[in-house]
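In the two assemblies presented below, chain A is common to both, partnered first by chain B and then by chain C.
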Partner chain A sequence: MSKIIAENVNVYYGSKQALFDVSIDIAEKEVTALIGPSGCGKSTFLRCLNRMNDVIDICRVEGSIKMDDLELNSRKLDVVRLRENVGMVFQKPNPFPKTIYENVAYGPTIHGIAQSKEEMDQIVETSLKKAALWNEVKDRLDEIGTGLSGGQQQRLCIARAISVSPEVILMDEPCSALDPIATAQIEELIDDLKKEVTIVIVTHSMSQAARVSQKTGFFHLGKLIEFGSTEKIFKNPDKQQTQDYITGRFG
Partner chain B sequence: MNNYKKNLLKKRYNAERRFQWYGKIAIGLALTFLAVFMFQIFSKGYSAFQKTWIVTEVHYDKELLLIDAESPSKDDLENADYYDVAYKAMTSLDPGLPEEEDRQLIQMVSYKYETEVKDLLLKNPDFLGKIVPIKLTASDDVDQVHKGNYPRDIPEKNRRVNDYQLQIYDMLNERGDILSEFNISFFTNPDSREAELAGIASSFMGTVFSILVCLAFSFPIAVLAAIYLEEFAPKNKFTDFIEVNINNLAAVPSIVFGLLGLGILLAVFNLPRSTPLVGGITLSLMTLPTIIIAARASLKAVPPSIREAALAMGASNMQTTMHHTVPLSMPGTLSGTIIGLAQALGETAPLILIGMVAFVNTIPGTPVDPAASLPVQIYIWSESAERGFVEKVSACIMVLLAFLILMNLAAQIVRHKFEKKWS
Partner chain C sequence: MNLILVTFIILLAFTSYYFGRKKALVIQSSQRLTALPKFYGYYLAAWCAAPALIIFVLWSVFEPSIVKTFILQDYTDQNLTKNELQLIYTKVKALAVGTYTGNITNFLDESANKYIQLKGIANSAKVAIILAILIFSLSFAYRSVQKNDRMREPVEIFLKWVLFVASLGAVLVTIGIIFSLLFEAIRFFQAVKIFDFIFGTHWYPAKTFVRDGQPDPELMKDAFGAVPLFAGTFFIAFIAMCVAIPIGLLSGIYLSEYAGRGVRKYAKPIIEILAGIPTVVYGFFAALTVGPFVKEIGNAMGLEVSSESALAAGAVMGVMIIPFISSLSDDVITAVPQNLRDGSYAMGATKSETVKKVIFPAALPGIVGSILLAVSRAVGETMIVVMASGLAANLTMNPLESTSTITAQIVVILIGDQQFGDPKTQSAFALGISLFIVTLFLNVIALSVVKRYREKYE
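Here is the complex of A and B:
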């Protein structure tokens, strides 16, 4: 079943076009990986899904992106509600310079999800447990989140993203700043999360895409060259360009 | 390694060594200037913190005080006539002096000596009828003689202290009746025409009130302007124009703001002149651009990743700004504010224009009472001819410098202590 259906999406930064007629179906409760060389538009596309491109003044998005029949690329859309449903994890871990507890409790607080202190404690605990961080930080929830190691910070950001129970989580190269051990932990986490959440992940690492995703899309120069099941893309792609990229002949 | 390469390497090391020396010389020169400046001020000013007293005896004679009551009340003492008692206290220093020459002795103490005689009895009512020793503030001429600032070898007619007075001074000094103590009255007295009585209380309070008014006006306005411009305003020609103008405003000579204060605050709004209220508002015009620029810079320094994190969690622009960006920028904003206020603290020209240069011999209790300010006080005293004021100018500069150092220290502490680190 499709969670997000994008049709003919074109994105412009000023007069420069960054995405050309991208159409893609993202399936529910699966991991969709977007791969491609730097500057190919995969992150731009990801940021269309929670309207983070809004903060860039000169950015203009055309086309239709529907999530459960809700048109995302519409002026009337309430972006605050959208972002409550579509969480995001960034390339560089960016916890707030506040305590670990406050980091996780921030989303539920501003969206009025928890009614009481006990409920909030519960949400913080569950989120940290789901992010596989609870055992490491349960005794120091009042320490500053930025004091954790890089991998722990990134898991804290994931805990923060899932604290508001989103339906979709977008990940923009979540492991590029992490060492192999932390990367393995995050990948394991992605595997667990996909039972409940739809995940779209942008990654530079083809092996990571092969490990964690069910569907893969290959972007090049702003165009979606090929999209299909991960197995097919990596073993038997239709397009020569895809073949060249995954075998490392360019990019 | 061939010779050419060796020479090149040597040249590179020499160039670096030379460059380091240029830097060291530059810093050495700067420190020398500072040391000369400090030495000038301290060597001239330190004596102002010493006050000279003349000790004599006073007889609280009921008859001379014109007190009739057997056991006089506080009111009786308050209303008694101290003129004769005080006069006698001074003339008793040299009983042989003919009456028409008495003035020479009286001139050796401050003109407020009668008040000092009165205050001692009011404090100790049981002195009534007794002969007790009393400390009287020496006149500034005697004060300067005692501090050695006054040449004794010039001809008598060019001297403010004549031979007879010097003789009395020497006699008193030998008896140990000239005292030198820490000058508390320099900090507790308002300004005065007499150097021995002049203090910085009124100008110090004027400065404190001006700075508080300045803070109250400039901080909220500047911070709101900076937040709007940095976080909400669209980036277009109009906001560019505003930015250029704010930067220009920061470079406008302060006297222009003084004229603005004079023309608008005093002439149009009829605010009370010579007051810290008007002074503070005028100074806030000056600090406003400084704080706006500092606040914008520290808002800009908050990493965009924090904003993205908050926005991606579904925070509105307002929430992102108020929950994350502004608190993170506060240390920078506050230290910028303190530095802006420290600049305002040393400002003289605009305050002169709005009338804070007036002679004020009362200590202001509120921002709407007339007052001077420390830099203006320096300006006023530096125009006085008496020697007593020369050391006062330097002492006042020292107080101002201490104030400035404290504020800059506060700015440093705020910046280092409250600055949050992000990854």
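Here is the complex of A and C:
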């Protein structure tokens, strides 16, 4: 079942076009990986899904992106509600310079989710548990989040993202700043999370895409070249370009 | 004479630079150079200028005191005090250059002739020695150039020393200023007890003035109490900060987070123009426009307002400080990494929530640092308070009354005629050093806060 349907999405930065007629169906409670060489537009597309491109003055998005029949690329859209439903994890871990507890409680606070201190404690605990970080930090929730290791920081950011129970989580190269062990932990986490949420992940690592995703889309020069099940893309792609990229002949 | 000598040395150094470079090009035709040709030029120029200029400076420093010793040798049998000897020497010098107007005794005339003679010898000796040094050092350097010695290292070492001397100069001047403040302040505290200065509540140095003779110690006790001045200083700075912090901070936040590129491009320089207005202009603006205005408003409300009020001075000072706070806080807010903003927006936070909950706390140490720097600026500000807040040191917390500050009192003490060695004059040094300690303290805290903030993101 489709969670997000994008049709003919074009994105411009000023006069430069970054995405050309991208159409894609993202299935619910699956992991969709977007791969492609740097500058191919995969992150730009990802940022369309929670309207993060709004932050960039010169960016303009055309086309239709529907999430459960809600048009995302509409002026009237309540961006705050959208982002409550579509969380995001960034390339570089970016916990706030606040305590671990406050980092996780940030979303529930601004959206008024918790009614009491107990409820907030519960949300923080569950989020950290889901992010597989609880055991490491349960005794030091009042320490500053930026003091954690890189992998822990990224899991804290995932905990922060899931604290408001989003339906979709976008991940923009979440492991590129992490070592292999931390990467393995995050990948395991992604596998667990997909039981409840739809995940779209941008990655530079093809082995990571192969390991964690069910569907893969290959971007090149702002165009979606090929999109299909991960198995098919990696074993038997339709397009020569995809084949070349996957086997490392260009990119 | 000296000017010609120095010009000559410098010209010679330039010439030797070109000569050295040319020589290097000649050497290049037969063997491999040890450095770029310009290093040969630098090497010669450095050897030409440095020894000669060092000797020149040392000579100029020591010559006067040596000449003085020679002249005053003739007076040693007269049992004169140090001050009297100094007076005689001044007279001799004046006579020698023809500006003396008093009675000329034979003895004085003789000394003056001797002075002229000594000066002549000294000058010729100086020229001779410096020329000799020039020849010696140049020929030494030229020989090493000819031998094609290594050129890079000596030039680098020379440059290191030049930089060292420059920094040493800056440090020594600072130390010198502090010590001169300190010594005069110590002399002041010999006349006035430090306790009376720090805790006394009455500042009225004019009443210690006595024509010919020492002032009454009882009067002294009650004339130099600095409490009203410290209170006035901090009170006016407080009023200034009440104006500057909200406006500066809010405009800083607006400029960094809300303003579009176009607005920022024009608004920021305009705000910074405020910092470029000379303080004396702010001063008469405060005294002639704001002061009377405050008085009029106050009178209309039935309050008694003096035409020189702490409020007028403080408010104008606050306006002066706005650009410090807005510009510095704009900078520290802009320095907050974009990924924190992204993190907050991606959670669905609005702009104001992001500013309030993420950006402001992250930038807070830097903002506090900028506020402390602004406070130390306000405490040290002089012109506005001299013109607009009055000169009588009232101990008051009423912003509508006139009050005075440390800086304003230093001005009052030191304008017009003053006697050195008088406690009234020396009190300026005591005030100066207290002000110095206060601002130093504020700056140290501010810088350490700012530094800690920097470490966090790098």
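By our rule, the second predicted complex is superposed on the first by the 251 of 251 C-alpha atoms of A that agree within 3 Å, B and C clash if a C-alpha of one lies under 4 Å from a C-alpha of the other, contacts with A are read in each partner's own complex, and residues count from 1 in each chain.
In this section, a residue touches a chain if its C-beta (ideal position, glycine included) is under 8 Å from a C-beta of that chain, and two chains touch if they have at least 3 such contacts.
These numbers were taken from a predicted model, which means no experiment stands behind them.
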{"item": "Fit-or-clash call for chain B and chain C when the two complexes are aligned on chain A", "value": "clash"}
{"item": "Partner chain in contact with A:E118 - chain B first, chain C second, else both or neither", "value": "neither"}
{"item": "Which of chain B and chain C A:I110 touches, first, second, both or neither", "value": "both"}
{"item": "Partner chain in contact with A:D69 - chain B first, chain C second, else both or neither", "value": "neither"}
{"item": "Partner chain(s) touched by A:V80 [first = chain B, second = chain C, both, neither]", "value": "both"}
{"item": "First (chain B), second (chain C), both or neither touched by A:D57", "value": "both"}
{"item": "Partner chain(s) touched by A:M88 [first = chain B, second = chain C, both, neither]", "value": "both"}
{"item": "Contacts of A:D139 with chain B and chain C, given as first, second, both or neither", "value": "neither"}
{"item": "Partner chain(s) touched by A:Q153 [first = chain B, second = chain C, both, neither]", "value": "first"}
{"item": "Chain A residues contacted in one complex by chain B, in the other by chain C", "value": "50, 52, 55, 57, 79-84, 87-88, 90, 92, 94-97, 106-107, 110-111, 146, 157, 160-161, 164"}
{"item": "Chain B partner contacts - residues on chain A that touch it in the complex", "value": "50, 52, 55, 57, 79-84, 87-88, 90, 92-97, 106-107, 110-111, 144, 146, 150, 153, 157, 160-161, 164"}
{"item": "Residue ranges of chain C in contact with chain A within the complex", "value": "260-261, 337, 339-350, 353, 357-358, 361-362, 456"}
{"item": "Residues of chain B that touch chain A when the two form their complex", "value": "234-235, 303, 305-316, 319, 323-324, 328, 420-423"}
{"item": "Interface residues, chain A side, partner chain C - complex", "value": "50, 52, 55, 57, 79-84, 87-88, 90, 92, 94-98, 106-107, 110-111, 146, 157, 160-161, 164"}
